[in-house]
Amino acid sequence: MKIIDCHAHMAVPHQLPAYKASILSHRGAHGRKAPPVSNEALEQAFNRVEMAPMGHLACLDQAGVDIQLLSPRPFQLMHSEEPKKLVHWYVEYANDIIAQECALYPERFYGVAGLPQTGDSPITEALPELERCVKEFGFRGCLINPDPFENNGRMAPPMGDRYWYPLYEKLCELDVVGHIHSASSRAPEREPYSLHFINEETTAVYGLCKSTVLEDFPALKILVSHGGGAIPYQLGRFDATTVPRNGMSTSGVRFRDRLQKLYFDTVLYSRDAIELLVKVVGASQCLYGAEMPGVGSSIDPETGETFDTIIPHINGLSFISDDERKAILGGNAARLFNIEA
Amino acid sequence: MKIIDCHAHMAVPHQLPAYKASILSHRGAHGRKAPPVSNEALEQAFNRVEMAPMGHLACLDQAGVDIQLLSPRPFQLMHSEEPKKLVHWYVEYANDIIAQECALYPERFYGVAGLPQTGDSPITEALPELERCVKEFGFRGCLINPDPFENNGRMAPPMGDRYWYPLYEKLCELDVVGHIHSASSRAPEREPYSLHFINEETTAVYGLCKSTVLEDFPALKILVSHGGGAIPYQLGRFDATTVPRNGMSTSGVRFRDRLQKLYFDTVLYSRDAIELLVKVVGASQCLYGAEMPGVGSSIDPETGETFDTIIPHINGLSFISDDERKAILGGNAARLFNIEA
Amino acid sequence: MKIIDCHAHMAVPHQLPAYKASILSHRGAHGRKAPPVSNEALEQAFNRVEMAPMGHLACLDQAGVDIQLLSPRPFQLMHSEEPKKLVHWYVEYANDIIAQECALYPERFYGVAGLPQTGDSPITEALPELERCVKEFGFRGCLINPDPFENNGRMAPPMGDRYWYPLYEKLCELDVVGHIHSASSRAPEREPYSLHFINEETTAVYGLCKSTVLEDFPALKILVSHGGGAIPYQLGRFDATTVPRNGMSTSGVRFRDRLQKLYFDTVLYSRDAIELLVKVVGASQCLYGAEMPGVGSSIDPETGETFDTIIPHINGLSFISDDERKAILGGNAARLFNIEA
Amino acid sequence: MKIIDCHAHMAVPHQLPAYKASILSHRGAHGRKAPPVSNEALEQAFNRVEMAPMGHLACLDQAGVDIQLLSPRPFQLMHSEEPKKLVHWYVEYANDIIAQECALYPERFYGVAGLPQTGDSPITEALPELERCVKEFGFRGCLINPDPFENNGRMAPPMGDRYWYPLYEKLCELDVVGHIHSASSRAPEREPYSLHFINEETTAVYGLCKSTVLEDFPALKILVSHGGGAIPYQLGRFDATTVPRNGMSTSGVRFRDRLQKLYFDTVLYSRDAIELLVKVVGASQCLYGAEMPGVGSSIDPETGETFDTIIPHINGLSFISDDERKAILGGNAARLFNIEA
Amino acid sequence: MKIIDCHAHMAVPHQLPAYKASILSHRGAHGRKAPPVSNEALEQAFNRVEMAPMGHLACLDQAGVDIQLLSPRPFQLMHSEEPKKLVHWYVEYANDIIAQECALYPERFYGVAGLPQTGDSPITEALPELERCVKEFGFRGCLINPDPFENNGRMAPPMGDRYWYPLYEKLCELDVVGHIHSASSRAPEREPYSLHFINEETTAVYGLCKSTVLEDFPALKILVSHGGGAIPYQLGRFDATTVPRNGMSTSGVRFRDRLQKLYFDTVLYSRDAIELLVKVVGASQCLYGAEMPGVGSSIDPETGETFDTIIPHINGLSFISDDERKAILGGNAARLFNIEA
Amino acid sequence: MKIIDCHAHMAVPHQLPAYKASILSHRGAHGRKAPPVSNEALEQAFNRVEMAPMGHLACLDQAGVDIQLLSPRPFQLMHSEEPKKLVHWYVEYANDIIAQECALYPERFYGVAGLPQTGDSPITEALPELERCVKEFGFRGCLINPDPFENNGRMAPPMGDRYWYPLYEKLCELDVVGHIHSASSRAPEREPYSLHFINEETTAVYGLCKSTVLEDFPALKILVSHGGGAIPYQLGRFDATTVPRNGMSTSGVRFRDRLQKLYFDTVLYSRDAIELLVKVVGASQCLYGAEMPGVGSSIDPETGETFDTIIPHINGLSFISDDERKAILGGNAARLFNIEA
C-alpha cells in the first residue's frame, strides 16, 4: 500500500514569485510572457530548505510518504487582483510548472490545478483552465476557493448557490476532485489568510450541508482542507437544527448525513483533532494529508517532531480497523484521485 | 455543589420584540419610551414552551441546573442598526428586563449585560451601560460582540487592537466577565448568524492569542462561547507558527499558552467535542454551559435526549478527576462570576 | 347611507411585531414560518386602548363610522430591509391578518393590501401579492409606496415613470383602488416617517399631474392620503406653469385638471384644511377618512375632542350640497371600493 | 402706507449667467474675475420682458407695489457644485449686483443676501458674506437653504440641529431676517427644484417647530417662503402629537405655538390658500409676497389676471381688520426688515 | 492657395452661456427651449474684443487666415453633467449656432460638430447628432472627447477599445474628420482643463498607436489637437517598445509607423515645438492651426507678437519644401475636410 | 570629466521580487523579515542580460558612462497597496539593496532612495526613510511620486500644495535632489505605467510652475524625469497664460521663468527631443540620463544602436558650447548630487 499525502503544494522555483511580482508591477502592460523553468530549477526547488528542517523531497522520504497531490500555494493565488487577466496568467503559469514537476517525478506527484477564479465573474470563466489541466496534463482535481474576493468585504455566493453548479457539473464530467481551499485575505490584521482558510472551510461545509448540492450531484467528490474548519467540532450545533423540534417535522436532510458524504484531509496537526475528525465523519471520509513542507513543519518542542508528523497519529487511532487505517493513509485517496497505488 | 449554566439567555416577554419592531418602524420618531413589564409576564415567559420540549424553568429543573447566567439573546441585539440610539434603547430595555428576572428569581439567575456596541463608535460609548448593569443591578459580566457591524462587509478592529482596551480595563476594574458572543449577520444566505457566531469566536480567540492583551491585563476574565469556535480543534495549526522554525527563534508567547488563559463554555452539543475541548484547554478553563433552552433543545433521534443534555457528557469524561468535574460543572463559574455556590 | 372611513389601519395582534422583530433578528435564517393568530387575539387587539382614549371598535362606534378600509400600518412595512424576502414575508403575514379581521367583522371592515415593494426591484414583483389579496380575500385596494427606499438617499422613479405602469394596469384590471402612502424613513432626525408621508404625497401627486398617467389609464382610481400633502394648498404654483405664458402656448394638460381626477381622503385634522381641500378638488373627489385610531386620536385641549373627529367638519361645510356631503362621507368610497353601502 | 413685496428676486443682467457658465466650464482655472456690470445693463434687465407680460419695474407699478426685497434667484445658487470656491464666487457676484441694483433704485429695492452655503462645510463659512452684505451694503436679511446638497441623496442637518446655531446667532446679532428658501435639485425628474422648494419648506418648518430653536433665540426672525410649504395645511397632524395623549403629558411646546412665531410670505397664488394661511398663523405673521416677476406671472385663463396678482386676495379677506390688512401688505415687512415705510 | 486654420472655436453670442447657466440651474425642469440668436448677435460676437487684442474676424484678417474650421469651445461642453439630456441640449444648441455662423460667412467658416458624449453611455448615442450636423449643415468633422467623464476619477475606454468603433465607422461612412479634443476637468486644482487637454491627447494618441484601429479603419481621418500632447516629443520611449528586443521579435506594428498615419494641428505656440512636430510626423500629417482667438492670443513680451502668430514659424521651417509648406498651411486641411480651396 | 547618468535603476537580485510576491501574498501575516542578499547575487544581477543586449555593467562600459545614480525601479514601488506597512517594508528592502550595491561598486554608483509614499498619508510618514538613506547610506536624493494612488481614480494634491512642503523642507535641509517619477498605474489598459510616467511628469511640472514652491524653497533641487513629460514641447501654451493679456496685468511669475529653475534628465531617446529640451530649458538645467538598461535598450533597426545611446545626441548639439556639453554630461549632475567627479 502506498501512502498518499492528498494535500500538498508545489515546490516553487524562483521564476514564479518573480513573475507574480512582475505582472503586479506592470499590471499587464508588458504582456503575459512567462520565462521557461528548467528541470534543474525544479530539482533545486524540491531540495531547498525553507519552511521545514529539510527539503521537500527529504520531508517525504523521512515521513514515508510515497505520493503527493500538488497544487499551487493557495495564499499566493491573488484571486482578487485587477485586471482579472493577471489572475489567469499567474494561475496558468503555476499549473504549467506543476505539470512539469509531475512529469519530472512521475511516480511521486500528481497535479491538482489552481483555478483562475475572480470575484465578479461567472465560475464558467475558470473552467477552461480546469479542463486544460485535466485533459492535457492529467491533473486529478482542482482547488476551489469559496471566497475569490479574498476577504475584501464583498461576499461570494454560498457553496449551495446555483452560481457554483457549472463547476460541480464539470468536476463530475471530468471525474476529478474539488478541493476546498481559500486564498489570501485582504484583512490581514483581523483575519490573516491562515485563519481565513479555517473560517472559509467552516462556511463552505455549512453551505454544502444546508443545500441540495450533494443530492443534485451524487457523483461529486469534494475534499475539504484542514479537517473541515470548525464543523466536525461544532457538528452538534448544526445537526440540532435539522432534526424535528417540538413535533414540527423538518423537511430537509439531516446535517450530519450530508457531512458524511464529504471528504476531509487530516491537516490538523494534533492527535486529538484527528481522532475527533475520524469519529465524527468516519474513516471512509478521511484522507491523510500533511501539507508537507508547510505551516506544520516547525518542531514541537515537547515531542521533538514537526507538527506535520501525522502518520503516527493515524496509526495510533485505537478505534478503527487496519483496513480503515489503510484507507485513510492511501486507499481513499487512490480511489478518489484515480491513482493506481 | 451547585451546577451553574454559564451561558444562557433571558426569557423574552412579548414586550421586548414588540418594542424592537416598534423602534425599528419609527426609527426613533416616537421617542424611547418602553412599556413596563409585569412579573406575571416574566413568569409566563419562563414557562412558555417554545424552542424546547418544555418551558425555561422546567428545562433547568429536568437537567438539574441550579443557577444560570442570563444575557440578552445575542442575535437580537441589532448592533448594526441606525440611528445608533436605537441600539442603546433596545439593549438597555433588555438589560432592565434581565435585572427584573434576576430579582424575581434571585437564587436562580444572575445577569450578564448586553452592551450597546455600534460599528463606528469608540467602545467607550458602551461602557456606561456596563457600569450601570454592574453597579445598579449586580450583573456579573457582559457580552462582547467582536463584530458590531454584524457581517455587513466592514470589519471591526481585531480583539488585540487598542480599540478594545477601555473595555478590558473596565472589566478588570469592575471584576466581571467578558463573554465573547457576536450578534446577527447581514449576510444570512452565506453565513447566517448561528454560523457567524462560530467564525467570530474563532477570529476573536485568534486575535487574543496573537496579541499581548492577556499579558497587558493579567486579571482579565474572558469567556468564549461555544467551546471557542474552531480553535481548540485547529490548535496545532496556530501553535505551530509560534515555536521556533529552522533555528529562527520566535519572539512571541506560544499560542497554546495564551489559549489556556481563556475560559470556554461547553455549549458544543456532542461528547466528542467536549472531550477535545477539555483535553486541549484543561479542566480549569472549562465552564459548563448549555444555553438552555436554545438551539440545542431539539431531541436527538438516536438518543432521545435533547442535544443540550450536556451534563452527562461532562460526567462521562474519564480522564479528569472529580474535583475537575465539579470545577467544570460549577466551581469555575462560581469563581469567575463571584457567585457563592 | 353608511359612513365609510376610507383610510384606516389594522388592529395589530402581538404576533405581528414579534414576527417582525424575529425575522429582522435572524434575517431569514429560521425560515418564514409565522405563528397563527386566534380570533380572540384579534378581538383583543380591536379593543386594546393604546393610541386613542378608547379601543378601535369603540372609536368607530363613538364617531358613528359604519365601515372602515383596513390596511397595514404603513410605517411598519420596512420596504427597505434586506434581504428582500423579509419584506415579502412580513407584508404577506400582515395581509393574512387583515383578511382574518375582515372575516371576523364582515360588515365592518374591508381590506386594503400592503404590497411587498422593494427598492431596486421591478414593481411586477409586488403584483402577485396584490392579486392574491384581491382574488382570495376580496380586498378592495392596496397601498402604493412612492418611496420603497424609505428615504435612504436613493430615489425611486417618479409616479409618472413607466416603472409603475404594470401596477396601474393591474389596478385597472382588478378594478381596485391604489392608495398612495409611503412607509418609514431612514432619516428620522430630519424627516421622520410622519413628515415623510406628507412630502412623498406632495411628490407623488406632482408626478401624476405632470405626466400622462391619468390619460393613459382613464379607469385608474388613485386615492391620495392626508389630503394630498401640500398640493391643494400650493396648487396655484404648479397650475401657473401649465397655462400659456407670454404668448407661448403650452402643450400639456393643465395641472388643476389632472389634480381633479385624483381622489383625496380627509385625514387632515382641521376644518380649515378640509374646507380648502373640498374647494380645490371638488366634493366628488373627497373621501371621508380619519385613520382612527391613529395620530389624530389625541384630544385637542381647546375643543375637548380628538383631532380625528372629522365628521363634524364635513357636516359643517357650508358651500356644498347634502348630496355632496353624503358623497364625501360614504358615497364616493362605496363607489370607488365597490362597497354596497 | 407702503406696499412691500417681501419675496422677490434680482433682475439678472447678461453677465451673471455668463459668469456662472464660465466658472462651471473652467472650474476655477481662470480665477474668479467677474466683469463689471453697468447701470444701463441693470436698467435693461429691470425692463426686459421675460417671465411676465411686462418688465420687472412695470409689474411693480401695475400691481401697486412700492418696495421689494431682492435676493438672488435661489435655483441658480448651485450650492452643491465643486470646487466649493465656485459657490462663493458666484454668490458674491450676485450679491454685488443686488447691491448695485438697490443703489440704483434706493427707494424701491432692499437687498437680501444669498449665502455661500455648501454641503459639507460648517455654516460658519457662509457668515462672512452675510456680514459683508449687511455691513457694507445695508442688506436686510439673507436666504437660508435648508438643503445645500441640492437633493443629491445626502442630507443636511435638520433646522433644529446645533449645526445652524452660528447662523441664528449672527442673524440676531445683525438684526436681520433669515428667509428659508432652498436652491436647485439634483433629482429633477422626480422632484424638480420648484417642488423641492415646497418639500424643503415643509421640512424646515417642521424642524424649527420640533426643536427649541425659537426658545433659544427669542429674537430670531425667520420668514418662510411660499406660505410654509405644506405645514399650515397639515397643521392638525403635527399639532396632534404635541398635546397630551391618554393621560401621558407631553413635555414639549405645542407645535402650533411655535408655528405662530415664524413668519410666512403669501407667495401662494390662490385666494383659498392665502385665506387658510392667515387663519392658521395669524395676520401678524403674514407678509405680502408675490415673487414678481416669477413663476406666478402667467395669466390665469379664467381670471385674465396673472397668478401673482395677490393683493386683491389679501384685500378680499373678510375675517381680518384693516390694520391687519395693512400689516400684511407692508407693516409686518417694514418692522421685520427695518424699513421706514 | 488658401490658408486654413483647422482648429478654431465658434464666436459665442450671449445666449449660449446664458442657456448653459439656465439648464444647469433648472436641471431640465423648464424643458429644452433655447432662444433664437439673431445674425446681428453673431456679428457682434465675431467682433467682440475679449481674449485677443482684437475681434475674431480681425484676428483672421491680420494673420492672413482665409478659412477656419469652427467647433464649440470644448471646455464648455460639460460632458459629465447630469441628467444626460442637458448635455444633448447644450451641444445641439451650440452646433445650431455654428451652422448659423457658417451660413453667415459661407466662404470663411466650416463647421466641426460637438458630440453629446456622456460617461456611461454607448458612443452610439452621440452619432445621430453627428449625422444631423453633417447631413443637414454640411459640417466637415466633429470633436472627439477621449474623456467624457471630465477627469472625475472614472475612466473611459482607451481609444483602441471596441467602444469607439461605431464612431470610427460613422466617420468613415460620412467621410469627415474626427478631431481629438477633451472637455473640462473636474479636478481643476491638480489638472485644470487646459492641462487635461494635453494629457488626454497624449493618452489618446498612445491608445490609437498601440491598437489596430488604424489598420481596421484605413480611411479614418483623425486629427489630434495641440500637436499631439507629449507624444511627438516622447516618441523614442514608445517606439522603443515596438521593435524587437534581445532577439525576441515583436508582433505589432511599429509605434512610429502608426503615429505617422494620424494628423496633427500646429497649435503649439513656439517655433521649436512646431519644428519638432514636423520632423517627427512629416509635413503631410501637419495642419496649420492657431485656435485664434484663444489661449495663445496674449502677446509675447519678447516678440511683441501674440503666441498664436504661427504662420511665420511654418514659413521659417528650413527643412521642408514649398509644396510641403503649402500643404501644412492649407493643402492638407483642404484635402481632409473636403474644402475647395 | 566623468560622465554621469543621473537616472538609472538598481540591478534587481532574485530576492527582491520574491519578497514583493511574498508580502503581497501573506499581506503582512508572516511579518516583514527579508532575506539577506549576498554580494555574489548582486554581481550576478549586474551582469544578467535581460532588457538590454548586454548586462548592466557592460552597458555602462560600452556607452562610456562613469557614474550612475541608482534608484528602485519605480513601477515596482506599489505605493497604492494595502496595508500600508507593506509599502514601507518593500521600499526599505529595496533601499537596503541599493546601499549594498553602492558599497560594492563605490566609484560607480550613488544611491537615490525610494520613498514609502502612500495615498492617504501625510508625506511626513515617508521622511524617516529618506533621512535614514541619506544619513546612514549617503544617498544623494530620492524619487518623488506625484501620484501615490497609482492612477486608481483618486488624486493626490498637486505639487504646489502645502501637502508636499515637509518633503521640500527636508530635501533642502539634507541638501539632496528630489527626482520626480511616478510608480505603477491601476488603469493599465488606458494608461499603462510607462505612459502614466509622462502624464504625471507633465502634471507635476505644471503644478510646480503654477505655484510658489520655487520661490518658497530657493534651494530646492528638483529633477524631472524623461525630459519633463510634455511641458517643454507645450511650453508656449502655458507660458501664454502668464503674460499680460489685453492690458490686464498678471500677478504671477512667468511660467517659463519657473520652468527654467527645474532640472531635467535627457531620457528622451531621440535627438530631436533632446535638442528641443536643451533649447527650451537651457543647458544648465539638463542632466544626461539614459536609464540604462531600461526601456530604451532595444535596438533601433535604422541606426543599429539602442535607443538609449544618448551621448552622441548630446555631443551632436551644435548650438551649445563645450562647457555646456560637459555640464550636461556630468558637471550639472556632479554639482546637484554633490559628487566629486
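Just so it is clear, A, B, C, D, E and F label the chains in written order, and each chain counts residues from 1 on its own.
Note that in this section a residue touches a chain if its C-beta (ideal position, glycine included) is under 8 Å from a C-beta of that chain, and two chains touch if they have at least 3 such contacts.
Because the structure is predicted, anything quoted here is derived from the model rather than measured.
The fewest steps needed to get from chain C to chain D, moving only between touching chains, is 1.
Steps from chain B to chain F, minimised over paths through touching chains, total 2. Should one ask which of E-F and D-E has more C-beta pairs in contact, the pair is E-F. Fitting chain A to chain C on CA positions gives a rotation angle of 120°, reported to the nearest 5. The mean-CA centres of chain A and chain D are about 69 angstrom from one another, to the nearest whole unit.
One finds 45 Å separating the Cα centroids of chain A and chain F. Annotation for chain A: residues touching 2 or more other chains are 189, 194. Under the stated contact rule, the graph of chain-to-chain touches is a ring, a single cycle where every chain has exactly two partners. The sequence of chains round the contact ring, opened at chain A and continued through chain B, runs A, B, C, D, E, F.
Chain A contributes residues 14, 16-18, 20-22, 24-29, 73, 75-76, 78, 82-83, 184-186, 188-189, 192-194 to its touches with chain F in the complex. The residues of chain A lying in touch with chain B in their complex are 49-53, 153-158, 161, 187, 189-191, 194-195, 198-199, 202-203, 206-207, 226-227, 229-230, 232-241, 243-246, 267-270, 272-273, 275-276, 279-280, 295-301, 307.
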